[in-house]
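The structures come next, written out as C-alpha cells.
Consider the two complexes below, in which subunit A is the common component and subunit B and subunit C are the respective partners.
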Partner chain A sequence: MKKKVLAVMLSSAMAATVLAGCGSSGSSDTAATTAATEAAAPAATEAATTAATEAAAEAGSGDYENCTLTMDWWGGDSRHEATQKAIDGFKAKYPGIDVQVNFGAWSDWETAKAAEYVSGNNPDVQQTNFDWIGKYDADGTTFLDLNTVSDTFDLTQYDQSVLDICKDSKGGLAGIPVAMTGRTFYWNKATFDQAGIETPKTLADLEAAGATFKDKLGDNYYPLVIGEYDRAILMTYYLQAQYGEPIISPEGNFSYTQDQLKEGIAFIDKLEDEHVIPTEEYILGEGADSMDKSARFINGEYAGIFEWDTAAKKYITALGDNGSNLVVGTPFADMGPKGTGSYQKVSLMFSISAKTEHPHEAALLLNYLLNDPEGVTAMGTERGIPNSKAAYDTLDKAGMIDPMNAEARKAVEDSNPMYWNPLFDDSSLKGDSPALYTDVFDQLSYDQIDEAAAAEALYAGYTAIAPAK
Partner chain B sequence: MKTKKKNKFIKNNVGFFFVIPWLIGFCVFKAYPFLSSFFYSFTDYNLFKGITKFTLENYANVFMNAAERKSLIITFKYAFMTVPLKLVAALFIAYILNFKIKGVNFFRTAYYIPSILGGSVAIAVLWKALFQDDGLIRTAFAAIGIEMPHFMSNPSWALFMICLLRVWQFGSAMVIFLAALKGVSNDLYEAASIDGAGKWTQFFHITVPLITPVIFYNLVTQLVQAFQEFNGPYIITKGGPLGSTTLMSLLIYNNAFTSYNMGKACAQAWVLFAILMVFTAIAFWSQKHWVYYADEDGR
Partner chain C sequence: MANTKTKTLSQAQARIERRRITSVIVRYVILIVVGLIMVYPLIWMVGATFKQNSEIFTTLNPIPKEPTTQGYIDAMKSYGGNINIWRAMLNTYSYVIPEVVLTIISSVLTAYGFARFRFKGHDIMFTAMMAMLFLPQVVLNVPQYLLYNKFGWVGSPFYLALIVPTAFATETYFIFMLIQFLRNIPKDLEEAAAIDGCNTLQTLVRIIVPMLMPAIVSCALFKFMWSSNDFLGPLLYVNTPAKYPATIFVKLSMDADTGFNWNRVLATSLISILPNICVFFAAQNQFVDGISAGGVKG
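Take a look at the complex of A and B:
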C-alpha cells in the first residue's frame, strides 16, 4: 500500500513538474549642441531647413563615455537590415560606444517585453508602442523622461503637439513618436477592372461593389477583406463619422451608448450580408497567418484591404509582379454626417530605459537614428514617414520617401483624423481569444450571437476599461 | 575524539552536499513558483497592476464562466479522444514492427520521426497544407466527389484536426511498447500455438496481459501530456475558431501572458493540476484490477 501511495505521489509530482563598463573618451563640443538647439527652430526657408538638419546632426556631438548600450526592436527583415546599417554608422561615428542589438518579428514580441518590464531588464534603447506608456509605464518609472536629455536629443525637430501625446502620467516624455499612422484602404485595381468597375471612392461605391463582384466574378471574390480587429476599427470609423466624437475620449471615457454600438455592429454585419466582406469562417478556412500571406489576396480574390498607411510595402511584396496593381484609396467622406470618422495614432516610438546607466549615450544613439542625416538615410522609411523635420527633409531631398507611403499618409491626414485613445487597444479588447474584438466579431460572423448581444458584450468590455461618459 | 566525530559527520552527510545544487534548483525554479502560484491563485494579481484583493472568484470562474468552462470541456474531449487513439495506434504499429519484416528499421524510424517534430512551425505549415480549404485532403476528396468539412474554420472539426496531430505523433509510446513486446517470451506463443490459439487470441491473452505495466505507464504519461497540450492549438489555430481549440494550457497562457491576469491563470493551472491528480490517482487505484506484474504474487 505504501508503495502505491508513493507511486501516486511521484506521479503527481511528475504532473506538476511538467506543469557597460565605462571609460572617458570623446571630444567636447558644447557650442555645437547649443547651436543645434537654436538652429533647429522650424525652417521656413530652405536655408533654414538645411541649417536645422545640420544642427540636428550636431546635437549628437559632445562628450561621451565608452560604454555598451543595449537596444531592441521588432519588425521585418528590411527594417532589421536598415536599423543594423544605421547602428554600424553610429558605431563608426562614436567609436567607443558599442551597441548590442536584439530584434525579431512582432509575434510574441510584446509577451517577451512585458516580462522584461516586470523584471526591470529592458534594454537601454527600445522601440516601443504608443499604448505601452499606459501599460508598462503607468507610474512613469519605466521609460526615461526624454526632456532630461534634450541637450543631446534634438526635440525641436518635433511638433510639440505630437510630443504631448507621448507624455506619461507624470508629464514626462516617455518616447519619441517616430511616425504617425492611420488606416486607409488599398485596392487591387486589376480585380476591380476585371469586375468592370472603378475602385471605390465612397462607401456607396464599396457597398455596390459587393453585388457586382458576386455577379461578375463569382462567390469567392470580395471587394474588401477585414479580420476581427479591422472590423473593430472600421466600426469605430463608422460610429465616429455618425456622431463626431472619438470612441474613447482623451479623458478615458467611452463615448457611445449600447444602442449606438449596435448601429456600428449592424454596419459591419451588413457588409458581410451584402458580399462586401467574407465571413470569418471563410477567412479562417484558408489558414493564412496574415493577409499578406493569403493566396486569395495574392491572386486577387480579395480585392481590398483596410490597413495602416505604413503597411503597404509588405502587400506589394506579396503581390510580386502584380504589386503595381495595388493602389491607395482614401477613408470615405460619405461614411457619415461628421466626415470620414478616421483616426490616427503614433505608429511607434523609441524610448530610453529609466534604469539606463548611460542616458547621454543612449540619447546620442537615438538622435543619430532619428535626426542625424547619416542615420536617417540608413533607417529610411522602414518605420513610416518620420515626424522629425530634419529626417523628413533628408529623406525628401534624397528621394527616399516612397510615393505610395506618402500617398497613403496624405490620404489619412486629409481625412481629418480624430484623437485616438490607447485604451482602444487594451489587452482585454485586442489580441487572441480571450479578447473581445476577436470573440465578439467571430461570434457575430458565425451567427452565434445577434447584433444586440454583440453590442452588449462590447459595451461591457469598453466600459470596464473606459467608464461611460 | 572530536576529529573522529567530525569525520563521521562528514562521511554520513557528504551525499547531502552533492545534492545541494539540485535542491537549490528545485527550490528556486520549482517549489517557489509552485507555492507562490498557489498564493496568487487566490488574488486578482495582474502583472502590471499588482494585487488589489483576495478572492475565490478565480476558482469559481473556471466552472461558472462560460469561456473557461468551455475550455475545460474541450480539454476533457481532447484528452479522452487522443489518449485511447494514440495508445491503440502506438500498440498496433509496435505489434506489427515487432515481426521480422524487411526494412523494419526504416519503418521504426519513419514512425518515430513525427514525435520528435513536436509543435514546430514546420508542423503548423504541414497541418495547414493538409487541412485548409484548398489543402490536400479537401482537394483529394473533392476530386472523387466527396465534400469534406472546413477543418480549419468549422468549430466542430477544428478540434478533431488538432487531435489528429497528437495521435499522429505516437512514436515515443510506440518505442516503449516495442521494447515491452520484445520482452514477452516466445515460449508462451509457441505453447499457445500448440494449444491451437490464433494470432488474435495470443495477442489478447498473452501479449496484452504481459505488457499491462507498460500500457499503464503509457496511459499515465499520455494522460498527463494530453491535459497539458499547448503546442498543437497554439501553432495551428491559436485556439480558434470560436475558441473551439482553446485547451486549458492555451487559456492559461493567454490569461497570463496576453492579458497579464496572473491570478486567474494560476487558479486555472491549479484546477488543471487537481484534475491530473485525480486522474492519476484513479489510474493507480485501478491498476490492481488490470495491471499484471510478473514479479509479484498475482495482480
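Take a look at the complex of A and C:
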C-alpha cells in the first residue's frame, strides 16, 4: 500500500516535471526585444528597379572569390523563410559563394551570441541588435567598420543621420540599420465606440476617456494599459514635452533633476488615479506576461496599448477576427509646451564580423539582401520598413508595405522623434526584477513608496549609468 | 441462539463489506480528483493544439470551440528543407542516447571507486565532487564554451561538446545517489566473489551492477529527461539548422515581437515529448523502485 501511494505520488510528480519542462519551452519567450519585424510579405513579385540600385548591384557584382560565408539571425517562421529565400537568390546570382546559415528564436539567442563574441567565432554576416554595439563592440574590434566596404555596399541608400547613430566608439560604422521602430499608441476603436467617444487625439481626450470608460462601461474597462517599462517610456515622453531634452543625451549624460523626474512620475500616478490606466496589481493579477496574451485585451476591456510600431502585428493577430479594430494613434500635441516627442530607435542591424576573411563577399551578400531589388523583394518587410531608399522604393512599388505599419511609422516620424540612448535599456533598469523600472513602478502602483521616493530611486539608478550633467 | 449469532456475524460481515466499499469509493474519488487536477494542464495543452491564439488565451476550457488542425499541419513544415520535426527528434536522440550511456558508465565507475576503495586524497576529492553539486550551470557556460571552442567542438556535427563531457562523470548527483545505494549492498558479496576468483572489474560488472540496477535505471531516466529537455546546450554548441534538436526546433517559430501561432508550438511540443513519456511509462516500475530504495535506505 505504502509503495503504491508512493508510486502514485512519484508518477504525479513526474508528470508535473514533464509538464513543467514543456511549459517553459512554450512560454518563456517574452523578453521585450528591440528586434522586430512587420507583416508577413505576400508572395514576392518581380519589382521594378531603380537606376540607383541597378548601378549599385552592378558595381558589386564585378569580381569576387569563391568562398563560404556564415550568417545568422533570430526571428520567427516568416522571417526564417524570407531570409532563406533571399539567400538562395544570392547563391544563384553569385555562383561560387556558399552561405551557411544558422537561425533561431530570440530566447537565449543573445546568450549564445555573447559566448561567440567572447571566443571570437561569430559568423561573417550577422543580424545584430542596436545595443550590441556598446555591449560587444565597445572597442570597435568585433564588427567591421562598414565604411571600409563602401565600394561594395551601397551606403548612399541610407540617410547619414541614421548611419551616424550606428557608430562605435572609434567612429566606425558597426552595423547597417535595417529599419527603425518607434513607440506609438494603438487604440481598440470598438471599445471607444462602445463608450460613445472618439479615440483620443490629445492627452486631455485620454484623461477624459478614463472617467467615461468607468461610468459607461464599468470599472474593468480602461482606455490604456501600460506595463512598467511602458510607464518609464511614457514618463520620458512627458518630460521631453515639458523640457525638450532627451532623458539621456547622446554624450551619455542624464538630463533631468530629481524634481523634474518627480513631475514625470506624478504624471503616471495621475493617469492611474484617473482610471486611465489600471494599477499594476490589476494588470499582474491576470497573469498574462504580455498584452497579446491577456484575455482583457483580447476582449477589448483594455482599449489601448503603447508599443513599438514593429510589434503591432502580434496584437492585431491576438485580436483574431477583430484585428481591424486596432487603429494607430496620433501623438498628443498637448503633452507639454515643447510639443510631442516619440522614441525612435534602430529596430535591428546587420553587421559584418571584423574577423571575416571575406569582407568583400560579405558586403556583397549584405548589399544583395538590403539594397538589391531581387534580394529586397524576397526579404520583404520581415525586419520592418526598410531604411534603404532603394529597398523602400522596390517594396512600395510592389505594394508590399503594410499600410497600418506605414501609418504608425509616419505617426512616429511626424512627432519630432527624439534621440534614444541605448543606456535607457540598460540591464539595471529594464527587465525582470531586480530592475529599476519594474521595481519602482510596481512599488509606486502598489503604494509602497510615494512619488518622492520613486523619483529618488530612479534618479539614483539613472545617474549610476549616465552621470548628471 | 445459534441463529442470532449467525445473523450478527453476517451483519458484521456486511458492515465490513460496506465499509470496504465506501473506503474504496472515497479513495478513488480523491485519487481521480487529484489526478485530474494534476493532468489538467496536459489535457488543456492537448486541447489547445486545436485552438486559435485568441481562444487559447481567453478560455480555460480544454475543448476547442472552433477546432483547427492547422497547428499540426504547420508542425510538419520544414525550414528551407533543412530541418523538420522528425529530423529534429532524430537529432535529439542521436546525442541523448550516447549521453545517457556514457553518463551511466562513468557515474557507476566513479561511485564504485568512492564507495569501496580508500585511496590517497579520497576525502578531499569526494568533498570537491560534492561541492560541484552546488555549482550552477550558468557560471560554467562561458568557460566551457571557450574550452570546447579551443578543442574545435563548437558546431561539431557529432555533438562532441554535448556528448564527450558526460564520459567524465559530470553528473555529481548520480554519483551521490549511487554511492548511497552502494552502501546498502553488503561487502560480503564482493568478498565471496573475490574468493571465487573475480577481479575488481568483474566484481563490479557481475555482482554490483545487477544489484544496482534500480538505481541505474533512475539515473538513466533522469539523464534522459534532462538531456532531451536541454535547450541552452544545443543552442550554444550546435550552429547548423540541420542539426537542431527538438528543443530548439520547437522554439524556431516563436518570434517574441511579431507573435506566432501557439497551436503550432504546442503541437510540436506535444509530438516531441511523446517518446519521453513512452520511455517513462516503460521504465516506471524500475524507476520508482530505484528512487524509493535509494531514498528510504540511504
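Some points to look at:
We adopt the following convention: the second predicted complex is superposed on the first by the 417 of 469 C-alpha atoms of A that agree within 3 Å, B and C clash if a C-alpha of one lies under 4 Å from a C-alpha of the other, contacts with A are read in each partner's own complex, and residues count from 1 in each chain.
Here is the rule we go by: contacts are C-beta pairs under 8 Å (C-beta built on N, C-alpha and C of every residue); 3 or more make two chains touch, one makes a residue touch a chain.
These figures come from a predicted structure and were not determined experimentally.
In the overlay built on the shared chain, the residue A:Asp164 is in contact with neither subunit B nor subunit C.
Look at A:Ala295: by the touch rule set out above, it reaches both subunit B and subunit C.
Contacts of A:Asp273 after superposition: neither subunit B nor subunit C is touched. Using the contact criterion defined above for the overlaid structures, shared-chain residue A:Asp442 touches subunit B, although it does not reach subunit C. Look at A:Ser107: by the touch rule set out above, it reaches subunit C but stays clear of subunit B.
By the touch criterion stated above, A:Val118 is placed in contact with subunit B and with subunit C alike. Looking at the shared chain after the overlay, A:Asp219 reaches neither subunit B nor subunit C. Counting the residues of subunit A that each partner touches, subunit B and subunit C differ, and the larger count belongs to C. By the document's definition of touching, of the two partners only subunit C reaches A:Gly75; subunit B does not. Using the contact criterion defined above for the overlaid structures, shared-chain residue A:Ala138 touches subunit B, although it does not reach subunit C. Contacts of subunit A with subunit B, set against its contacts with subunit C after fitting on chain A, overlap at residues 7-8, 11-12, 14-19, 111, 114-115, 118, 295. For subunit B in complex with subunit A, the residues that touch the partner chain are 30, 34, 47-49, 67, 128, 131-135, 150, 152-155, 220, 224-225, 228, 238-243, 246, 251, 254-255, 257-260, 269, 272-273, 276-277, 280-281, 283-285. Looking at the complex, you find that subunit C touches subunit A at residues 31, 34-35, 38-39, 41-42, 45, 52-54, 57-58, 79-80, 141-142, 145-146, 149, 154, 225, 229, 231-232, 235-236, 239-241, 247-248, 250-260, 262, 265-266, 269-270, 273, 276-277, 280, 284, 287-288, 291-292. Residues 3, 6-8, 10-12, 14-19, 21-23, 25-26, 29-33, 35-38, 72, 75-81, 84-85, 100-109, 111-112, 114-115, 118-119, 121, 288, 292-295, 298-299, 308, 310-311, 313-315, 317-321 of subunit A are the ones that touch subunit C when the two sit in their complex. Interface residues of subunit A, counted against subunit B in their complex, comprise 4, 7-8, 11-12, 14-19, 111, 114-115, 117-118, 135-136, 138, 280-287, 295, 427-428, 431-435, 438-439, 442-443, 446, 448.
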